[in-house]
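Next come two complexes built around chain A: one with chain B, the other with chain C.
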Partner chain A sequence: MLRAHAARRVSGLTTFLLFLFASGVVYAHERFVKHNLRYPLHLEFFGRWPDKPLGLHPDMMLIALRVAGILGAFFAIWFLRRTLTEIVERSLLRRIGGSIQHWGHKLACFLTDRPVRGKLFHALGEWAVILFLRSPGLVLMYSATNDSLVMPSYPLDPASASIFKFAQVGLAILILTQTWLPLCGAMIVGTWLYLFRWGWMVAVDAVPVLTVAVVYCTSPWQSHKLAITKINAQQMRLLRLVLGFGFLALGWLKVYNHNLVAGVADNAPSVLNDPMVAMLTGGHDVTYFYRREAWVVAFGLAEVMSGFLVMIGVFSRVWTSIMAFMFTKLMLVDFGWDEIPHIYPIAAMLVVIFSNQLTSEVDPIERMDEDAWRAGNTAKRVGIIGTTAVVSAILIVFPLLYIISFFDRSAM
Partner chain B sequence: MDGLEKVSIFAKLSKQHVENLRKLAKKAKYNKDTTIFFQDDRSDAMYVVISGAVKVFQTADDGKERILNTLGPGEIFGELGLLDSSGRSASVATLEPTEVLTITNEDLRALVKASPEVLWRIVEALCERVRQLSTETLDLSFRDVPYRILRVLITATSKHGQVTDAGTLVSIDAKTLAGAVNCGIDQAMRVLRRLGDRGLLRVEERHVIVPDVPALTRALEYEES
Partner chain C sequence: MTFASTRTLVVITILWAIALFGIDYAKNPKAAEQLFSSKLMGVSAKDGKPVIKLWMNHMCCTGCLSDVTKALEKIPGIKVRQKDLESQESADMEATNKPKDYGNEVDLEITDLKTVDFMMIDHALRDAGLTADRMELSGPRHFRLNAELKHVCCSLCATGVREGLEITRGLKSQGHFKWLDSFVVDKQKKLVTAHARYDATADVNELIIALNHIGFQPTAVFAVVDAEGGVQPNSAP
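After this line comes the complex of A and B, so read on.
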């Protein structure tokens, strides 16, 4: 009875909210960060090269092969991680013993997504959940004072700005007081769906916003009476899936919408200095003819790779740590105050980093591998690990890269 | 001699089987304060304590430790994971320099196939663990902290106490005791001090010396009444 009443209340309020949005919240999607190209890209790099493998430019193919290689290697290491850590722990740490052995074990657990049991880690995990659940409220308050919707990239239409500023402040108050969190989740999902009105790329750009929505939607209605400092395994799985998928989609969007990404780099050249991207592009120097183009593809595919690995739960802590570092750098060094709303995805990443509830989508395959390990069947293990690594690496990188090369994106 | 034939689970094995086992099993020595395996590790071997003492403990997410058991020579640990193929349910660390015998999963299976009696012995050891856990659950529900501490001390004294001129020495400190009986360290220290005032034990750095074990046992009986 109560449930039905609550459901009616949510659907009513969501409809009201969507009706409000239908009047035109955002009058333009402009990247707040400057993205005008200093000089045009060499667009032939992104197009078809009929006489080359898969019709892709050889350098793009090389970057894709490197990404696929790293993906495959991470998969293989994932399945062998227990064997590898056992070798280190037994041959080295056991001989040392004491606190060094304990800290070494904790580090191994952290890197391999196993539970890290410790007072400080536990406290940081609780703090990260508190920050994650409340930071959207701070972001909404900030955007309301900046006449934008959620991010400065979505400026409000002056005609209806005041209504939406109040709506955002209202939602922010609900979030900050942890009142009716499922309703807050529904409102965020509704807002995200409305973004399709401005095109699918706008909505894809905002997918990471849904990470908190799934946690809100799965929270109890009596949330205001609870001190929520933990999220359960199911919520963590949803968070990881949405966060990872968001960055996977954003990565492909970067490859697809190359002009915008290159334009951002032209205006903030420090973003070009990324060790992982440099590794993927093969360390070409500044005189390399397709330097910016290769950077765009490497940047996009690096995001595809990290997003995919977080999505399926392979070294989630390692990848979210790298992503948290990247976003903090973007916020503090590259773009400064304009990117302050990114405190929200950073909070989501911190929740993953300090969680002891991490699971993986490849757990069923790992169980097969474990059975083969127990049976001492090494050939079966090699088959399981090799097939999973190679098939996943190929399927994630090449089909979409191939399809995208058919699209003419010069006018974007 | 490694005393393998004296280990309870292998006591009924023929000389030939014990000899085969001796060839399969590997001996390992560990220093004090060394973790032999951690909670959640993969279970790939079973261990038999040859000399020394180990503690079996679980760690909660917030780092709090609860000691489930202390084991001495002749006792086995790590057998649970071998039977149900799941990860380690608890960690095991040495309380003093310890020598153990390691029998891998594969070797144990081969041994059980040749001598099914071994499996019964392992089942007996598991039954003892279940009984002990039931008693501990009962103690936690109905007994107060001094009683629980006394019980742990007496068990530790009888299992791996070292007889010295000053009395029976047990490698246990207030933190370990607190973990074993699920109370705060301050409370454990208060109880130890009170027992010390009564002359039942002497607390030293990371050691407890019990001058008169029967007197400590009697103290438990008084706590019980």
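After this line comes the complex of A and C, so read on.
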């Protein structure tokens, strides 16, 4: 339905936009989401601790080590996944046989991003694509009725609100009727560029919005005549890159702009008890002095980790499933109706979860690993896997955490 | 099947972004250097001067304004700004054209926001035989409204206030309470704190009417300016 070369064409645009984002360093802070701190954070936690390793607070260091450890472990398991699944399938599932073997094989395929065969899975994948392509229209309509731009957390200026609201409704109609999707994609990217007017943090906050723009831009002009229910491998790669990068950036933004995230937690304290984040913080009790501070860092780094792994295509289904669950929980349990626009990122994650077109950015390394495997060179294999896992884990977590600790964010 | 070329997509994207910037600029004209200034982007955003605007559904002539001025002159922290209106004498003549709208806005100059009690303004206007449909406070980027309640005798009262004010969430979709970020009810202090959204214009009357609707009469309503990302005083765990 959708041509691969169009996806390649737009990859140039995406690269340009990612570069623009990366180079757009100006100083500002997120202005609009609910972030009233109920009492101040202990800011020294985020600053420099000269006597400690890397000059970071010991608890922050522990959180970073845990995240790096998980990241490294996932990398290592990724390279060993075929060996591991073969062992499980041959030595365990084959002996059991029957439906358990059948479903066990499907589960293994699902967890390792291999194609999953099955009518239900296929149907859910098609439905997820339809939801993903149309849900931005609903979000835009919702934002327009709430005097906001793109997301309800960006209120419109009263002087220009009417024009922006009509523009959003117009775009939403195009999206819902699937008309001129490339135009819709370009308009979404253009709107995202406009968000820089309100500061780079606002634009970073909205990076996930670009995920759908990538698919729109690579769709045909005659989109209204088509039933688009599939996303090809090229589009899926772009989608995964932008979605993962968006959450990677959002994660670092959370660590950088700690007051905002802590303020959100102050307004919805149940998020402090999240088990996944608690695992990273070490499960401190409520009397722990730096409880909110540790939560902010753990929450941010968890998003960095999951965003990065989705971006490079390592256990994409596992991580998008976790993220989809988290977002659904935030929407239904913690924040309620205010977070109804989360339908859109959840839809994007469902598309990844139910896609049979998943690829990985670490394929070249995996090929090297396979060559070593075939050559029976175990030491080389261990070297490739170990080096990739350790170096990636260290590079993703520590340099930015170290750099951010030099910034004084007390006035944010 | 035709697809958009990268050039087409880039051109549309840039044109659309320029259009949005253009609309923004046309509706909020600012010098180019101000458009991307740190203030607008939020760095060390400074509070504007607080402004209170009263929307009076009836304010047809200088006689009305004079009564409002007289009514509010004893209230500390504010001063009624005079404006051009139809003179009372002229409005009293039979030949005077009927206005399209009898309502008008009254601006209050604020000398000290901390001392301004919005309930006193409300009472003074009512005593003068007039009412304000809206009492809008703007200027400070982060502020909250503290409504003091005389009656909060038990936990049920506090819960009643909290649950009653939950209606504000539903009313947002109907155009009300757009300014409201969140609220906190403090039983001990008998205080309802309504946090305004960042850089918002709060209609204090909406809060008073909502409290009245759920059965409570505030004795005083004060605005408190918060620091950026500031400390909320009455809700530490």
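Basically, the second predicted complex is superposed on the first by the 378 of 412 C-alpha atoms of A that agree within 3 Å, B and C clash if a C-alpha of one lies under 4 Å from a C-alpha of the other, contacts with A are read in each partner's own complex, and residues count from 1 in each chain.
Everything below uses one rule, namely that a contact is a pair of C-beta atoms (placed from the backbone, for glycine too) under 8 Å apart; a residue touches a chain by one contact, two chains touch by 3 or more.
What you are looking at is a predicted structure, and each value in this text was computed from that prediction instead of being measured.
Student: Answer with first, second, both or neither: which of chain B and chain C does A:160 touch in the superposed model?
Tutor: Only chain C; A:160 stays clear of chain B.
Student: Just to be sure I read the superposition right, which of the two partners does A:197 touch: chain B = first, chain C = second, or both, or neither?
Tutor: second
Student: Based on the superposed arrangement, let me know which partner A:406 touches: chain B (first), chain C (second), both, or neither?
Tutor: The answer is neither, since A:406 touches no partner chain.
Student: Is A:185 in contact with chain B, with chain C, with both, or with neither (first, second, both, neither)?
Tutor: So A:185 only meets chain C here.
Student: Which one hits more chain A residues, chain B or chain C?
Tutor: Greater contact footprint in residues on chain A: C.
Student: Considering only touches as defined above, state whether A:39 meets chain B (first), chain C (second), both or neither.
Tutor: A:39: touches chain C, not chain B.
Student: First (chain B), second (chain C), both or neither: which does A:145 touch?
Tutor: Second partner only, chain C.
Student: Just to be sure I read the superposition right, which of the two partners does A:86 touch: chain B = first, chain C = second, or both, or neither?
Tutor: After superposition on chain A, A:86 lies in contact with chain B alone.
Student: Looking at chain A, which of its residues have contacts with both chain B and chain C?
Tutor: none
Student: Under the definition above, what is the set of chain B residues touching chain A in their complex?
Tutor: 30-36, 38-42, 59-63, 85, 94, 105-106
Student: State the interface residues of chain A toward chain B in the complex, per the touch definition above.
Tutor: Those residues of chain A that touch chain B are 82, 86, 94, 97-98, 101-102, 105, 109, 114-115, 117-123, 356, 370, 374, 376.
Student: Which stretch or stretches of chain A touch chain C in the complex?
Tutor: By the definition above, chain A touches chain C via 3, 5-6, 9-10, 12-13, 16, 26-32, 34-40, 145-147, 155, 157, 159-160, 163-164, 167, 182-183, 185-187, 189-191, 193-194, 197-201, 217-222, 259-260, 263, 266-267, 337, 411-412.
Student: Write out the stretch or stretches of chain C touching chain A in their complex.
Tutor: 1-6, 8-10, 12-17, 19-21, 23-24, 26-28, 35-36, 38, 40-45, 169, 172-173, 178, 181-182, 195, 197-200, 226, 228-232, 235-237
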